[in-house]
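Several structures are given next for inspection.
Each of the next two complexes has subunit A plus one more chain, namely subunit B in the first and subunit C in the second.
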Partner chain A sequence: MTTEILKRPAGETSARPLLSIAGLRVRYGRTHAVRGIDLDIMPGESVAILGESGSGKSVTGKAVMGLINPPGKVAGSVEFDGMQLVGRSEASLRAVRGPGIAMVFQDSLDALNPVFSIGSQIIEIFTVRLSWSGQQAREEAIRLMLQVGIVNPESRLDDYPHQFSGGMRQRICIAMAIALKPRLLIADEPTTALDVTVQAGILKLISQLQRDSGMALLFVTHDLAVARQVARKLVVMYAGRVVERGPIDDVFHRPAHPYTRALLGSNPGSVKHWSELKPIAGNPPDKSAVFTGCAFAPRCPRAVRMCSEREPDFVTVADGRQSRCHFAQEMFDGR
Partner chain B sequence: MAARTLSLTPPRRRLAADSRLALLLRSPVALLSALVLIFLLLVAIIGAPLLQDLANTQNLRLRFFRPFSLERGWAYVLGADALGRPMLAQLIVGARTSFLVAGATVALAATIGTTLGMVSGYIGGVVDAALMRISDIIVTVPSLLLALSVLFVLEPSILNLILVLAVARLPIYLRVSRAQTLEIRERVFVEASRALGKGTSSILWRDIRPLVVPTVMTVAMLEIASVMLAAAGLSFLGVGLQRPDVDWGTIVSEGREYLTRAWWATVFPGLAILVTALAANLLSNWMRASGDPLQAAAMGVTASREEAARP
Partner chain C sequence: MLKFLSVRLTTSLIALTGVMVIVFFLARLTGSPASLYLPVDATDAMVEAFNRQNGLDKPLVSQFVDFVANALRLDFGQSIAQQRPAATAVLSAMPQTILLAAIAMGLTLLLAIPLGTFAALSPNSTLDRGITLFSLFTASIPDFWFALVCVLVFSVSLGLLPTSGQGGLSSWVLPVATVMLHPVGVITQVVRGAMLETLNAGYVQNARARGYSWRRLAFRHALRNAALPIITVAGDRAGGMVNGAVIVSAVFAWPGIGKVLVDAVYNRDFAVIQAGVFVVGIAVILLNILVDLVYAAADPRIRVS
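So, the complex of A and B:
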């Protein structure tokens, strides 16, 4: 831990990161889901991880929570508030889960136990984790439900999950996640399973909760537009690695990695007519593949021979902007 | 939209005991099954002590006395067996033992088997491997042979009979509950519980048990008939119940020898087992459905709200 502190540049010591991921790797047998990522999240900061399916973004979220089940193997370092989480036992992780880090899942339809009323599920968090009395827990549950925008919470406490719509269920999941006042909320594609009309409400709620409570947010998504609504900082992942990082609007306007640029070009919201859409050619790489060069090279319009021979470094192109590309600076400068 | 519709409906009642009873009254099959079981239980509890002696009274002049005649009194209305013992009295006395043996065996095997199966499935690893190999061994040894050898060493008593049968029947529950647990373990709400810092025992009890129990209940009810017959098999081989103790299975296996001469000595106890197993099964099916909030809603009590809430 001492070395960790020593490694940090002097300018950053004023605020210690709440979450510090270093060299995180997750693999299932020969399948590499995450191939070494580094990421710091400051207290109260909102960070989005952007990537297509299979890029390792969800696995990263789960790895932070310690939710990778065998045969999955986690290596590297995840420090939360100075405490190393990787390799810790399930029992000792329990202290962190809930009040430290909480999580909202993608599949809100299955994230609530179907045989208990939602009231009893929220109340249970307080009675089990904080040993509160039933009455106190009930009042807090009602307050939470109101906070996440459930109308008439008293009358809905005894309703079962199937009696709620998808959006309402996700709101309840969010209520449960923030019940223990976490300092970091990991939201794993919380709006992907929802109607577009409901999405906006959920995103607004998450942003608002994050601002009001001052908790940090790690938002995992494949949708750039969604990421922009909730996060200030963007981390783009490809093939289990971070390929670009920076303030979100900045990255949006001046991508410094061909993959990010390609993502922007393939986003339906970025063009006037569908014929202008530029899908990214090819497929995401095989997760058991071993790369000698850049993982994106086979799909990259700028790729030269060097790209498939030598892996690019993570270079800083401007203050707070980094990109893993041999042409990072040229990309950033718009060439 | 859903929220607005819902706010207009009155505050709902919980799906508690009273509405469960209301559901039962709406389902004729389940209600009938429950009444049949209650009737049989009452007969066993009240009737058996009174008829113990009559059931074992032999009267060779009434050998293979035909059923459906009241000239020898109501005890002989279902006929008599090879030794002239009244069938009806035997059935009533046998009911008590059958219920005791089958009920206790199934309850014991289901409780232990399900607990182990859930732990095995959820924890996995070495514990899982060890438990499943033990279960394999039990399955490999024919249960009758296992019971036979144990009862040969121990003295045959009702308690030993229950213990032996329970061990022999354990793997079914172990496997069913393990398989269910493996599936439920991967569901998001279990992951969400872990993400909230809930402990293993809390997750097993609150998240997994409620979804495993209905399946196990259905299996257990099917098992009642098998256990009654397995107990009979042991009696037949001379290590199960012995006269004057008698159960339905014993009566079936005794009557089998004279099937061509006196069908009633086999058919009536067989019917008793069938009716019990059927009623238990139908009731357990209903219990499974009514214990599931979604299906209970479809069954009536919360139908209107259910419709309103559907997205």
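So, the complex of A and C:
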């Protein structure tokens, strides 16, 4: 099933991006979930998409996988290893899903089929996608479960999803996602449904798997602290647009967009005392709204008249740092 | 599971007992068999002799005590009309009924599951609308009318199929079609509704993200989860089928349990009515237990709890 283009080139040293998103738009009728985003991911690179609910971050992940169902409409370009994915037939997308791009979802209980045992669901991947024998698939399933930290995998093969804890279920989802050795893993808020102690373990696992296998990672989250644990590059989304991007620690220490700065100010982990927390005033914009200027302007402390009249272009404030703000340079310089 | 089954069996038997008591007294409200079997000018002595011979001379309460005592030994008495044990009269008709129900239910599922699934795979498409129209049509048209029209068209006009009775394969076509008519429509709608939900579930999307074909997604991952409502409705409809399919017995003179029961009521053949209700009751109880077992097989969460 694996096509020629999906084979990992030796060394993978080319400067060509593994995933290249350009002008991606997703809309459901009049609701605009993604309003044109550009994003490149290099082989082996780890990128986090940060945004609040409704910013279009999850939809972006699904659109890359071709998982937007009607009546949702996708426009723009998603190139994976030089192959255009937008508008491609379901049959040929199938070849990409798994060995090309794999995905881990937020709700692990919902993501696993409740009526099949964990073992049969993992084994199915190998027997269906690689036409392996049952015995070979079973051995690989056990190895995978061990790899993601399931103790006594052999005795748990016949257990059903509801018999596992949330953290263990998410580990199984990760095992299934990496089963076909994907070159890009999309993780859609994989730790949001878990408590903090379990979350740390899952993040460590994802990081380690990513480093060991050399796969690229697109990590979707609303939590900057979580993003910093797994990703090197950050993309901040607001109202279906990318507003800022750059190396994650640089952005964290020196945000160049008012929205990013506001996000940092509202994060309990970034302040010394809770009284310093600054919530972002107002609400995210209506997804059916049409903007003439910057979508963040109505909530932005810096906004002037120009902001609601003309949408700012990306401003390069430093090497690898870009911000979509009329005052990007001032923000970056701390003014 | 064993405990669950024994509880289920106990409550079912209590319900069956209640039904038997009601049937015993209701049947006797239809009138005296003597006035049916003896000539109009029969003397009082003849009536008395007839009643004594058939155990109808005792007070109602002691008749009931006798009935219960005999029924516990599975002796349902003698059929007045057929002059053979009532249980034999009923059981000899049972295979016809069960075979008809099994064939009809099998074909119903074979038709309804793909139809409902294809409708759910492309909601609001022309295919979906066509299938929905078909299922609403079959679920809504009166089955006796359908049966009569079929007889008119296929038997009388075209002469392709026999009008009634049970002979070769051709005599099965119209009875099976009539019994299937409503269940096909209803179950197609149930499959469509359940599949619409499971096809959009997270686990199906996740399975799709692993690159499986739509066939695998629909018929393995989604259908297995949609099974519970389908089993519930199919079980209910199958109960209706073993219940006698009275229409089929009336229109096609199908020699099943339905015909035996209807004839028994006309003939004031109390023993056969009681035996028939008892056997059908047992069949429905067994069917319900079968449905519970299929539930457990389909969904591991039921198996464990």
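Operating definition for what follows: the second predicted complex is superposed on the first by the 321 of 335 C-alpha atoms of A that agree within 3 Å, B and C clash if a C-alpha of one lies under 4 Å from a C-alpha of the other, contacts with A are read in each partner's own complex, and residues count from 1 in each chain.
One rule holds in what follows: a contact is a pair of C-beta atoms (placed from the backbone, for glycine too) under 8 Å apart; a residue touches a chain by one contact, two chains touch by 3 or more.
Just so we're clear, the structure is a prediction, and the values are computed from it rather than from any experiment.
*Asks:* In the superposition on subunit A, see if there is space for subunit B and subunit C together, and answer fit or clash.
*Replies:* Because the two structures are overlaid on the shared chain, the partners are seen to clash.
*Asks:* Check whether A:E90 is in contact with subunit B, with subunit C, with both or with neither, and answer first, second, both or neither.
*Replies:* In the superposition, A:E90 touches subunit B and subunit C alike.
*Asks:* State whether A:V115 touches subunit B only (first), subunit C only (second), both chains, or neither.
*Replies:* A:V115: touches subunit B and subunit C.
*Asks:* In the superposed model, does subunit B or subunit C contact more residues of subunit A?
*Replies:* B
*Asks:* Contact-wise, after the overlay, does A:E52 reach subunit B, subunit C, both or neither (first, second, both, neither)?
*Replies:* Touch partners of A:E52: none, neither subunit B nor subunit C.
*Asks:* Which of the two partners, first being subunit B and second being subunit C, lies in contact with A:I125: first, second, both, or neither?
*Replies:* In the superposition, A:I125 touches subunit B and subunit C alike.
*Asks:* Contact-wise, after the overlay, does A:M168 reach subunit B, subunit C, both or neither (first, second, both, neither)?
*Replies:* So A:M168 only meets subunit B here.
*Asks:* Quick check on the superposed pair: does A:D40 touch subunit B, subunit C, both, or neither? Answer first, second, both or neither.
*Replies:* A:D40: touches no partner chain.
*Asks:* In the overlaid three-chain picture, which partner chain does A:D107 touch, first (subunit B) or second (subunit C), both, or neither?
*Replies:* In the superposition, A:D107 touches subunit B and subunit C alike.
*Asks:* On subunit A, which stretch or stretches are contacted by subunit B in one complex as well as by subunit C in the other?
*Replies:* 65, 67, 90, 93-98, 102-103, 105, 107, 110-117, 125, 128-129, 160, 162-163, 173, 176, 179-180
*Asks:* If we count contacts the way the header does, which residues on subunit C are in touch with subunit A in the complex?
*Replies:* Contact set of subunit C toward subunit A: 200-214, 216, 221, 224-225, 227, 298-301, 304.
*Asks:* Can you check the complex and tell me which residues of subunit A touch subunit B?
*Replies:* Touching subunit B from subunit A are residues 65, 67, 70, 90-91, 93-99, 102-103, 105, 107, 110-117, 124-125, 128-129, 150-152, 154-156, 158-160, 162-168, 173, 176-177, 179-180.
*Asks:* So in the complex, which bits of subunit A are touching subunit C?
*Replies:* 1, 65, 67, 69, 90, 93-98, 102-103, 105, 107, 110-117, 125, 128-129, 160, 162-163, 173, 176, 179-180
*Asks:* Along subunit B, where are the residues that touch subunit A in the complex?
*Replies:* Interface residues on subunit B, with respect to subunit A: 2-4, 6-7, 11-15, 124-125, 187-189, 191-192, 194-200, 202, 206-207, 210-211, 291-294, 297, 302, 305-306, 309, 311.
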